[in-house]
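Each structure below is given as structure tokens.
Each of the next two complexes has chain A plus one other chain: chain B in the first, chain C in the second.
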Partner chain A sequence: MAQALLNGVISGLLIALPAIALSLGYGVLNFANFSIGAMITCGAYLAYWINTSLGAPMLLAAPFAAIGLAAIAIAIQHGVYRKIEDGGHVTMLVASMGVAFVLENAVRLVYGADVRMLDVPVARPISWNGLRLNHEQLLIVVTASLALGAVNLLLKCTQIGRAMRAIADDPELAEVRGISRRRTIDATWAVSGSLTAMAGMLIALDGVVEPLMGWNYLVSIFAAAVLGGIGKPLGAFAGALIIGLAEETSALLVSTTYRQGISFVALILVLLLRPQGLFGKARIRG
Partner chain B sequence: MIFSAERLLMVDVSAGYGALDIIRSIALRMERGRITTIAGPNGAGKSTVMKTLAGSLRPRQGRVIVGNRDVTSLSPPERARAGLGYVPQERNVFKNLTIDDNLRIGFEFVRPKATPRDFIVARCRVLELFPDLTPRMKETAGTLSGGQRQMLAMACALMPGPQILLLDEPSAGLSPPYVRRMLDAVQAVNQAGATVVMVEQNLVEAMRVSNDAVLLVAGRVEGVWSARSFLSDRNVRSLFLGDTNPDVSMRREGASRDGASAA
Partner chain C sequence: MIDYLIAILTFVAVGTLLGFALNVQWGQAGMLNFGLPGFFGIGAYAAAILSKHGVDGFTATAAAVALTAAVSALVSFVTIGLREDCLAISTVAFAEVVRLVLMNETWLTGGTNGIRDIPRPLLDVIGSNHYEAAFLAACLAIVAIVYGLLELVLRAPFGRALRAAREDDIVTATLGKNVQVLRIKAFVIGGAVIGLAGALHAFYFTYIDPGQFAGSVMIYALMAVIIGGKGSNRGLLAGACMVMMLLEGTRFLKEFIPILGSQQAASLRLMLIGGGLLLTLILRPQGLVSEYRLSIREHADPAAPPRREHRMDSA
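After this line comes the complex of A and B, so read on.
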């Protein structure tokens, strides 16, 4: 049981990165980005490319992959989403599905459908009172916690963070107050790209690199973001922890094949019982 | 004197939504250092004039000039940086953000080069006008009452020290004592040096503090008065009160129809 809880927290931290990216994007851009799974895959392959083809260690590959995916995300914003921003959020959502297919197949075009591994040394897991924690998991805990702390700081204490929250609250008023919508949206994509790239790398470290790796997390990510009240990045963090714990502890009762099903059940329950998300009040609107 | 005032000109401005013009060939001159109130019946285009001045609506034709600078092609953020402070009629505060964050956001994007000290000074100055806000800095703006929210909205617009303040119905939905306080605050801002242009329904209170009054009817300027003579003008009285119609004073049905359309 304790082991399941530990695994749950780790998997929750892992989901939290893209869930926050999704929630932030929803708040600022006002659409649910379905390509978040493919972005995870893309981030992992970027790291794989730098790590194996260029032979750089992961410590070096990680920041470059994050910057790379941030740049790709901004390029997609300029090339795709900006062109259709007057079409409404459903149009953007469908477009993001298209982006997902393009990203995923671009990866396939270069690397094929083979399962690959990052080039990292194998180490013995750490044991403590019967709990097992391997080095990759430790890395997940440290990296994810640092990234989440940084995002929290960015949102609460920096000018660009306030701009993001202002646009999420009321885009028209934000313009009147002198906030450049385009610049803030680019910054939001940069943050989303970095967070998802980090998630991709961490998933790859703990498992394998393959074209569908991001898809497998899509339901969990959406469930976590909705659970926390979509558009509230810090709620998404709590939502991710709950989803992670639910998925891992359920493995004690039912087969692990049902992991995604558990996320779905959680998602449906929240939508039925508390559509504004688990955490407190509905947003004040109008 | 804290603010530096500028004059505001509208030259032959037509604007609206889609193909339809709500305001047509508006020419207005709002002198520096004065309070100009735009009055008119519902649907006359008062808010459209304000949105055109603030930049959230692009005019189809004509120019908007601040001081000697043509700002017609500037976006709302650029106009804010050009010295136009705008308080929309509704949705004029960030409801899910704290009052402190609201004030900060009101300042930092319009004055990107300002130092942290400039911000503190600006906040002190604004809170002097609206002392009610001081004890509630950490609270969410959505928890404020209607009157306090309106004050916060104006405080945010004042934070960067605009040369011209545009107010769209600052007293809408407020109780009579708040209406008075709100318009007193408008007067205080004006005395501190800012040109004020406002739309108001509460004409008696508005005229108490205004210098000039503009009457807008069906998208056109009907006339400009000094605030003192505005409410005693026969044309104005007939429009708002429907008591007499000077042009067709003998035809009662014509008079009552005009009265109804102005209500």
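After this line comes the complex of A and C, so read on.
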């Protein structure tokens, strides 16, 4: 049980990164980004490429993959999303499905469908009072916590972070106050790209690199973001922890193959009973 | 060559049915069903499993349609209050769960190995020589019938009420229409058509596995609907043909770019399809054909311009 709780926290931290990216994007851009799974995959493959083809250690590959994916995300914003803004949030959502398809198949085009592993040294897991924690999981905890701290700082203490929150809150008011929407959106994509790349690398460290790796997390990510009140990045963090714990502890009862099913049930329940998220206040729909 | 044409046309027919379904659910009712591959899988597996157990093809098809419609009713009943993007999220999650069940309940679905040698209906009557052609004829007849029925339904007051609810549910509800029931009905009609397409898919390929019911089906159907013009069934026929032309046309990529392996060529094709979807959204979001409207209203009521014109104004 204690082991399940520990695993739950770890997988929650893992889900938290893309869930925050999704929530942030939803707040600022006002659409549900279905390409988040494909972005995770892309980030993992970028890291894989730097790690194995260029032979750089993961510590070096990580920042480059994050920057690379951030650049790709901004390019997609300029090439696709910005051109169809007028079509409304559903058009953008459909477009993000198309983007996901393109990204995923681009990865397949270059690397095929084979399962790959990052080139990292294997180490014995750490044991403490019967709990097991392997080095990859430790790395997940450290990296995810650092990234979450950084995002929190960015949102609370920097100008661009305040701009993001202002636009998420009320885009017109923010614009009147002289906040540049375009620049803030670009910054949001940069943050989303870095976070998802980070998540991709951590998932790859803990398992394998394959074209569907991100897609398999999609339901959990959406469930976490919705649970925390979609559009609220810090809520998404709490939502991710709950989803992670729910998925891992439920493994004691149902087969682990259905962990996404748990997320699905959580997602539906929250959407039906508390569409504003667990921590949000009820608001009149405008 | 004839065999190739027959195969493609059969494929187009099944794809057109999926497009019709999405057109009712999304185009007409404004319910974006991203879980279409899941429903498609339910229909195909229902038909396949039943006919493997000795049920005849027609009963199996009817059962597949009924089951898919019933699941659609359940899904839409649960999600009816959700906004369009939340519905999209929920249906994607639903399709993922369906895929997990198909992959893991090996006793029922054969797991990742899928189901082989699905018996084809009326094979002993028609004979295997002309079976493919006869199957195509049946598919085309079904497409024609479904098209006719959908047009009837959508031009009836039901269809108008549905579109009214899509544009503004509060006004429609104030006018005494039960918006939720309208939407559930539309979702179920779409679901039934998806189930039918699933059954045809299973009988045509005689082999199904969970991988066939993944995201790419969704992209094809979305693209057919968007190219054709959201809401227009006539446009959809054109859209489905164009998607197929793009799919088949790019099949020859491998011969032009010999360095590509067959798997890479397949990925490149799918990339081009996704790119095509994005390009359509950017360049011609309204599609080829605008949706059906009463012609008198189009001239007499400038206060309620169709969505298309609104776009042109703002451009």
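Please note the rule applied: the second predicted complex is superposed on the first by the 280 of 286 C-alpha atoms of A that agree within 3 Å, B and C clash if a C-alpha of one lies under 4 Å from a C-alpha of the other, contacts with A are read in each partner's own complex, and residues count from 1 in each chain.
To be clear about the criterion, a contact is a pair of C-beta atoms (placed from the backbone, for glycine too) under 8 Å apart; a residue touches a chain by one contact, two chains touch by 3 or more.
Keep in mind that what you see is a predicted model, and the values were worked out from it rather than measured.
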Chain C versus chain B, contacts on chain A by residue: C
Touching partner for A:93 - first (chain B), second (chain C), both, neither: second
Touching partner for A:169 - first (chain B), second (chain C), both, neither: first
A:179 touches, of chain B and chain C: first, second, both or neither? first
Touching partner for A:113 - first (chain B), second (chain C), both, neither: second
Touching partner for A:122 - first (chain B), second (chain C), both, neither: neither
First, second, both or neither for A:253, with chain B first and chain C second: neither
Parts of chain A lying in touch with chain B, wherever the complex brings them together: 159, 162-163, 165-166, 168-170, 172-180, 283-286
Chain A - residues contacting chain C, complex: 31-32, 34, 80, 83-84, 86-87, 89-91, 93-95, 97-102, 105-106, 108-109, 112-113, 215, 218-219, 222-223, 226, 255, 257-258, 260-261, 263-264, 267-268, 271-272, 275
Chain C residues within the chain A interface of the complex: 32, 34, 78-79, 81-82, 84-86, 88-90, 92-94, 96-97, 100, 103-104, 215-216, 218-219, 222, 226, 263-264, 267-268, 270-271, 273-275, 277-278, 281-282, 285, 311, 314-315
Residues of chain B touching chain A in the complex: 54, 56, 75-77, 80-81, 86, 88, 91-97, 101, 104-106, 108-110, 140, 142, 156, 160
